[in-house]
Structure formats: structure tokens, C-alpha cells
Amino acid sequence: MLADRRHFLLAVRCFAEMKVTTMRDAIRELVRDGDMVALEGFTQLICFAAGHEIIRQRKKDLTLCRLTPDLVYDQMIAAGVCRKLVFSYAGNPGVGSLQAFRRAVEKGEPRSLELEEYSHFGMVGRYIAGAARLPFYPVNSYLGGDLPRVNPRIRQIQSPYGDEKIYVVPPLNPDVAILHAQRADKNGNTQIWGLTGAQKEVAFASRRVIVVVEELVAESVIRADPNRTLIPGLIVDAVVVEPFGAHPSYAQGYYDRDNAFYVEWDTIARETAGLNAWLDEWVYGVNDRAEYVAKWGEKLNALKPGDAFAEPVNYGEYK
Amino acid sequence: MLADRRHFLLAVRCFAEMKVTTMRDAIRELVRDGDMVALEGFTQLICFAAGHEIIRQRKKDLTLCRLTPDLVYDQMIAAGVCRKLVFSYAGNPGVGSLQAFRRAVEKGEPRSLELEEYSHFGMVGRYIAGAARLPFYPVNSYLGGDLPRVNPRIRQIQSPYGDEKIYVVPPLNPDVAILHAQRADKNGNTQIWGLTGAQKEVAFASRRVIVVVEELVAESVIRADPNRTLIPGLIVDAVVVEPFGAHPSYAQGYYDRDNAFYVEWDTIARETAGLNAWLDEWVYGVNDRAEYVAKWGEKLNALKPGDAFAEPVNYGEYK
Amino acid sequence: MEYSQNELMISAAARELRGARVAFVGVGLPNIVCNLGQRLHAPALELVYEAGVFGARPARLPLSIGDPTIVTGAASVMGMPDLFQYYLQRGLIDVGFLGAAQIDKFGNINTTVIGAYAKPKTRLPGSGGAAEIAVLCGKILVITRLNKRAFVPRVDFITSPGYLEGGAAREKLKARGRGPEAVITDLCVLRFAADTREMMVTSLHPNVTRAQVQANIGWQIRFADALETTEPPSAEELRLIREELDPQRLYSR
Amino acid sequence: MEYSQNELMISAAARELRGARVAFVGVGLPNIVCNLGQRLHAPALELVYEAGVFGARPARLPLSIGDPTIVTGAASVMGMPDLFQYYLQRGLIDVGFLGAAQIDKFGNINTTVIGAYAKPKTRLPGSGGAAEIAVLCGKILVITRLNKRAFVPRVDFITSPGYLEGGAAREKLKARGRGPEAVITDLCVLRFAADTREMMVTSLHPNVTRAQVQANIGWQIRFADALETTEPPSAEELRLIREELDPQRLYSR
């Protein structure tokens, strides 16, 4: 009878581990109207695929957080899914301003946008506090600047070990984190290399986690290098496989940044009409990421780099 | 003339980078009487080679810090080099008590030992604060326990975001950190895998850093996998090559823990005479680590594990 | 079927894991308890080793808290800051295990000193992670042998708080963890009264008498009204322990 | 030898790195400045890229702040928490570079808004890491073109503090960093008076007049008594910039 029970329980366990799903289902089930959502990624691994699906599903009143809201948030703001932005740098990196973001802030188009603004270090501190469930996080920044004046959540406290004062920021705990990565196994154990930004902290800070990967790999691949696992399956709710899902940003070792598109976006986004036409063609006009990738065609393959493999390390077999 | 100057300056640069040295020179030049020294390493990569050299050079009045002072600190305490211990768990892991530590605390033999005691999390917080140059670090621990009563440096502060109170610990900034690792290049860029403990935090927290490695590798090996570099050469003062330098603890992928010795130590250390005889034979009686290793002979090679290589990842060639 | 006291303790403790999602594992008995619990009572149980390992697949029974065998083949290996902050302090861990040199009638645990702190009769290893495990894990299981030196009316030093002076004392701490749930010994299982939080025997192991238990506890112990007899290890439990989890019989003999 | 204004700015800025040990590098001009400085004036200079890279060996000129080419072949790559805490906040960085949409006579910098914060005329990207770079790097170099819209008497918003209201105002902050050291423009180099901390021209670029400079600054600018003429880029500097550091002439034309 115990053996029977064991089989039943193993079946339960397998079912609980069925995390691999489609982007459509992941966004439908895990992103709710009014949620605070973080599509993080510092320069690389920015999940445009998820941003576009959120737009297609016409989610409402999202609070978006991110150190560097770049093109994907500009697109989401233009599409009207975003009510509020928690951020530290809203620019088109290497190019200039984000046009849709500016229109929303300066003119309230297509809707007004509430801002909660920090510096990069402040945002990083918020994520660490969120991940570690600390009531605040101390950062030696903000001295002499105007940010604490316009953001009352940036506060100063006294050290109990002398007369030093230090600024603190409160924890940030998004409802959903959507994190792009190079590879994961079916349980959501996720490996990232290259710039890791604040991906780990955001994952642990959030209530729900969607991991989007270039490749779904066998458990044995992940387990052959456990020090590289940045996000454990323990906190992952869904795994979505979406090659080129970070385009036009990049995925180290998989493809390069599409700099031409970053430059082009400045022109596309300068007028509402042009931006809407772009959304119609590249977001609303495709069913999913696979169609988007197919529509780009050979241009994406041209972004693939040559090989530069890491030297493998030996973990040793201990039995 | 500028070209001449350039050659001169390049020469200066090369000279500045000559960090590779012997254990004898590293300890002589970088560890001073009265220093606070951290030989860290959680279970693996505990630098017994450095501990023994410190004993041989008869350093005085050291404050030793470490989460888990195990056999190497027991030996250093017995040899009389240690005045004070900053720690969180002073046991022989999996075996029981540390006998020399107990004699020092309970009977003041061979000298009295000042204690400054935390929990693991408290020590980790102290290292993080030390590395980040924060005036304190918050840890949700110590509630209801007696440690804050006997250690007044563990204090409680109020969150500025509500009525939550949280304990904090002060930064810990050792004069010298001595960290064992699997491999480094000549500039001190150091890679560690397996349990990484608080090695990174201790390195950044300390004023001087000695890295002791199983293997000195070409720069290209390190640079082929930069995400694995835990300690940058930027903060490393000396690199010492010392195969089996962590025995009887272990180095993931290089050798196993010598469990038999951990058990045997309990007997060796139980009486002062036996312990001193052991020090005479295995520390004072050898000139350096190479002699120690040769003296163990084939027994050490038997600790080598089978191979279990990581899957290499592709960083991509971007040019 | 014959079984050892350790086997009984292991199987009784494993049953306490029913429904648990994540356990914080040390070496020795808790390691075997967790693996047995995962196979029989909590199929979704994930194991986090306090040395910094999630999803270990040890090829041998780990001998030390950071045995290299728990690293090779694991799902994720991390440094201590991540382990303590993002796993333990974040509240991911449902169940933690603690040992005890002394434990008192309100479940407070001492692993620091016997005697006065400044001038101890016996200096013990200290907290390690126990101070934070006691306040941050959802619940605590204590596995220890019953004897009068360990089960004292009041511990000399509170390394890991249980219910302090009893009653609502612990609630006032606003700790994330609920505190000790059960103390599994070689003679009986003890739990804590819902109101007073005083330790009481809720289950006697087969063939153990009340007098035997009382003789090994340093205060007048209470016995639950509905005192049970501990279910002995089943054939399946014994098979798993002996053949799969501890074939060398290092911890379960 | 002919040279562009950018080449002059690059070579002048690179000389400011003399003796520096560690620089915090962004993309564009600062990247070229640091590489030139490392080759000519500060051989021991180590570069930390704010995206999280130490010891980069870019195979091409990085086009974005986190270009993958700065990762491949680097000595160490880390997450943002480590970068901000263990490098920047720890005080490892001697020199940081900042750009400026507005900069005022005391070196305060605005990259947040033109107009009122709540109702801006122009919304700029914001701080990024500039707020902490300004207080944590040993010294700050500003590289920007001189024009009246940028050089204003008082910035609309202090994103990155310079010397605040001047005099000893900054010292009272007890910031780790000493503040802005030099402002390198296309027409001149400006520094800050030791007492008042007011910006003044200390060096005019070749063939630039005082009137040209004043015409591009929104307040009555002071000129140093010992006003120098900026040394033009040498043949070696130009060769390095053109052949090795920016062969595609993306930033130095």
C-alpha cells in the first residue's frame, strides 16, 4: 500500500513540475491587470517577446519597474498598458531619449504616467531588499542631490555605530518578474552568463517568476555546472522557450544587439502615427514570437556571433 | 619621446603586476603581528598551508575571524598565535568539539582567548558590510536569543518605513584575507567553484588579500569564463601556488575532504602534549607545504576524485 | 520486524514532513529524514543544504555539512549571502532541523555554553546558523536523544529561541517562523501545548514507559491526554533507509 | 597636424588620468579617453565598465554601455549589486565620467528634467548611476560641448551633486568622492576655484578666444590668472585614436 501511495505521490510531483508553457499561457495566467511587473535585464536579455505578448493581450494599468526602461517599455507605454513606472534611467542607450516615454510624461499621451524615480544603485538596493525580505536597504548615494526631495521613499537613517547617516530605500516586490536567460531545464533552473544585471535579485524579490529562454536543455546540462545557475527552479512558475526572444537586445553567445534597430526606433517613435504603425505591423500583426522571428528572416541570423567557449571546469565525481 | 615614455610606463605596469610569490614571502610581508586575519572557506578551500606558515613564522597577537574556525584555527590557537577570535561556529564539523579552542576558553591554555561571537548570518552580514563599506548590515535574526546580550555590537534599529525593528551588525574589515581557490592567473584574477561561502565578501572587505591556488593558469583560461571570476586581481596583493594547500579540507574537483584526519584530530588534540607533538612533526618539522605534501605521500593522491566536467558555455566572439 | 532506535527516530521525523515544500538540511540524521520524507510523505519536497546547495543529488551519503558530493550534480550552488538572504530570510524554507546540547521545557535550545557565558564550564561550538534557522524557518524539528543533562528546566544560554517563557512570549517577537513543532527522541515524541507552549509527550515509542521518559527529563513532564504510541517503522521505510539512504549504516544503525 | 574637436577633447581628458588607478568607464568618448590614458599616462590604470565588467578586452569599439564585446575575454564579469557595492561604494574607483544636459557654475549636473520636476518642459533620461558616481568616485571628469543651454547659472534639478552652493558646502556632505575636477569641452578646459568652488576657465584650446567661451556660457565666467593654452593632440595621440582606438571614427571624427 505504501508502494502504491508512493507511485501516486510521484505522479503528483511530476505534475507539479510541468512548468514549460507557451508565452501566451504564461502571460495570460501569471500577469494580471494592475500588477507590478518587472521585465529586467541590463542591456542584454531584455524580454521583448514578453513585452509584446503583454501588449497583444491588452493588459491594463500595469506598474512597470526596471532600472533601464528602454525600447520595450517605450513600446508598452505607447500601447497604453502602463500606468506607472518605477525606474532609474529612461533613455535609448547610446541613442538618446525614449520618445513615447517623453510624450507620456510631458503631454500625458496616450495616458498620463506616474513616475517613481531612483538611481541605479537605489533600484538595485530595492531589489536586494525585496529578495532578502529586508524592511529597507542602505545605499551610500543621494547625498546632495534632488532625488530624495522628489521621492519621499528615499529616506535617511542614523547608524547605531557612530554618527554616520545613510540613505535607505524600501524593498521592491513585483507581482511578476519576467526574465530572459540563455538556458533552463524543465524545472526552471536557469543559467545566465555575460552581464547578469539584477536578474537574480528581481527573481527572488517577485511573487511570481516567468523565465524565458533561448534554449530548454536537459537537466544534466544544468546540473553539470550548478554554480552557473542564477535562478533556482524553486521560485520559477513558468518556463517559456523563445529563441531570439530578447531581440533587438542581445543574448551573450547567442546573438548580438541589433544596434540599427535601436537607432531606427528613435525615428519610428518620434511620431505617434509611426509608432502605432510599427506596433500594428510587428506586435498586433503577428500571432506570436515565432511569427516575429520569421518576419525578420535572415537578418536575425546575421546577428549570431562566432564561437568563444569557456574552459570547462571539473567538479569531480565524489562517490 | 612619447613612445619612450610609453615603454617606460609599460615596464612600470608589468612590475606592478608581479604578484606571484611564495607562501613564506606572502605571509612575511602581508601578515603583521597584531593583525586581524581571515582564513575563510566554508568546508572547502580552507587554507591550512597559510595557517601552518603563520605558525612557523610565530606571528603574534592575531585576531582571527572566520564563520567556522575548524582544525586550522584549533592548530593556530594551540600554537599561541591567536589573541582573539571573531566567529560563529567553533566545532569540528561532523565530529564534535575543537579541543584546543575549548582549552583556551575554559582554562586559558596556552593563553587566554578573547571571543567575539555571532551567528553565521551575522558573520556573513559583517563581511558584506565590510566589503560594501556600509556602516552596518541588517539581518533578520537574533530575535529572542542571548547572543545580543553577550555581544553588544549586535544592535537593533528601527525601519523608517513602519514600526518594524531589525538587528544590525557592524562591518568587519580584516587587515588580511587569505583565500584558497582552485585557480588564478598571475594578476590574481581568481576562480572558485563548488561552495563559495563568503570568499568574495571577505576579499572585498579586507585591506590586503592573499590568494592561494591549486593551479596558476594562463590569463586566457580565466578570460574564457569571466563570470566565474569571484575575486578580481584588482584587489589581490599576492598569488601563491600551493597544490593540496587546503588539505585536510577539500578543493572541489581537485581532492576530497580527508575525513579520517578530521576524526583523528579529535584524538590528537585532546591532550596538549599530543597536539604539540603533531605540530612539531607536521608544522615546525617541515619547511614548507611542499614538504608537508611529500610527507603525506600517496595518501593525498588517493583523495583525487573522478572527472565530472561542466558543460562549456559559449560567450560568443563579437568583433 | 526488528529496527534500531535511530531507524525509529528517522521514520517518525520523516512523517513530520507531510505537506512540506522546502526543507533546510544538515548532515547526518536530518539528511536521511528529508530523503525518506520526500519519497514517502512529501513528494514535492525540495531540499536546501545550508552550505549553499539547492537540489543536491549526492552520489554518496554526505559526511560533512559541505561534502563535495552535494555540489556535483546539484541544480544550483550559491554563496552564503544568497543562502541566508534569498532562501532563509526570504521565507522560502518550511522546515528546519536543530540539534540541542540543552533544550528546555519551552523548546529553547542551547548549543553555546554550559555554565556562565563569560566563564563556561563547557564551551560548545555556538550558533552556526541555528539562531536564524530558529526564527526564519516555518517550523522547527528537533531530533535528539532523551537524557537529563539535555532536557533541563531552563537552558543556560538561548542560542535558538523556542517559546521563550511560554504562552504568547514568542508571538511578541514577530519572528517569521512559528517555532519548534516536535522534538523527536529515542523514547518518545514531544510537542508543545497550544496555550502554555510547554513541552509534553504526545507519543510514546513502542514498549517505552512513562517512567522511563520522566527519568530522562529534568522537570516534571506532562503527558498528552490522548497519548499515542509511535507507529514503528514500516517494512518499506526500513528498506529505504537500509538499502538506499544509508547502506553503510553510518547514521541509522 | 590637423585634428578634430573630439580628438582634442579626448587627448585633453586622457591627460587628466595621470596617476589614476581605476576608472569607471561608460561608452563613447570616456571609453576612448580611458584607453588612451592607459597607454600614455596611467599604465597601471584598470578599467571598470559600469555594466559590470572588470578588465575588459573589447575586440571592437563598444557601441552600447553593455556591449557583449566587453564581456567576452574580460577578467571578471559581475552583477549590478557587486558592481555598485563592492567596487563603487567600496571606494575602489578613482575616476568617474559624467555627461551633462545642464551643468552650473558649481559643477552640479542635471540629467533629469528641464523645467519643474512635476511638470517638465523636457523629460531627460534621469540618473542611471550618476547620482552615486558623483559622490563615490575619487574625482569626476565631465566631458561635454560648451553651449549656453547646458552651462546655466543654476541647474533645474541636481541629479549629480558638484559643489552645491560652492565654498565648503560639499565637504559638509561627507561624500567619499572629492567632486568634479575638470570640465573638458570643445573650446576650453574648466576647473573649480579652491576656495569658492566656482567654475573657471583654466585652459583655452588653440585659436579659441575668451569671447567665444563667454558666448557659450550662461553666466559671467571667470578666467584663471595663469590661463593656459591647451596642448594640442600629439602625433602619437592622434595615431592611437585613429588607428587603434576608434578606427571607424565613430566618436572621434
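Chains here go by letter, A, B, C and D, matching the order in which they are written, and residues are numbered from 1 within each.
Everything below uses one rule, namely that contacts are C-beta pairs under 8 Å (C-beta built on N, C-alpha and C of every residue); 3 or more make two chains touch, one makes a residue touch a chain.
If you're wondering where the values come from, they're calculated on a predicted model, not measured in any experiment.
Path length between subunit C and subunit D in the chain contact graph, taken as the least number of steps between touching chains: 2. By number of C-beta pairs in contact, B-C leads when B-D and B-C are compared. If each chain is reduced to the centroid of its CA atoms, subunit A and subunit C end up 39 Å from each other. Subunit B and subunit C have Cα centroids lying 30 Å from one another.
Remark: subunit A and subunit B have CA centroids separated by 36 Å (rounded to whole angstrom). Residue positions 128, 133-134, 140, 164, 193-194, 196, 200-201, 224, 227, 252, 256, 305, 308, 315-319 of subunit A each touch two or more of the other chains. Of all residues in subunit D, those that touch two or more other chains are 53, 67-68, 71-73, 77, 89.
Viewed as a network of touching protein chains, the structure does not reduce to a path, ring, star or complete graph. By the contact rule set out at the top, the touching chain pairs are A-B, A-C, A-D, B-C, B-D. Residue ranges of subunit C in contact with subunit A, taken from their complex: 22, 39-41, 43-44, 46, 48, 53-55, 57, 59-60, 67-69, 71-77, 82, 85-86, 89-92, 234, 236-237.
On the subunit B side of its complex with subunit C, the touching residues are 42-44, 67-68, 87-91, 93-94, 97-98, 101-102, 105-106, 117-122, 124, 128, 139-147, 150, 164, 193-201, 250, 252, 256-257, 259, 262, 305, 308. Listed in rising order, the residues of subunit A touching subunit B in the complex are 133-136, 138, 140, 153, 155-157, 159-162, 164, 166, 168, 170, 182, 191, 193-194, 196, 221, 224-225, 227-228, 252-254, 256, 305-319.
Residues of subunit C that touch subunit B in their complex: 27-28, 51-53, 63-68, 71-73, 77-81, 84, 88-89, 112, 117-118, 120-132, 134-136, 157-161, 164, 170, 173-176. Only residues 2-3, 5-6, 9-10, 12-13, 16, 128, 131-134, 185, 187, 189, 200-201, 204, 219, 222-224, 226-227, 229, 232-235, 315-319 of subunit B touch subunit D when the two sit together in their complex.
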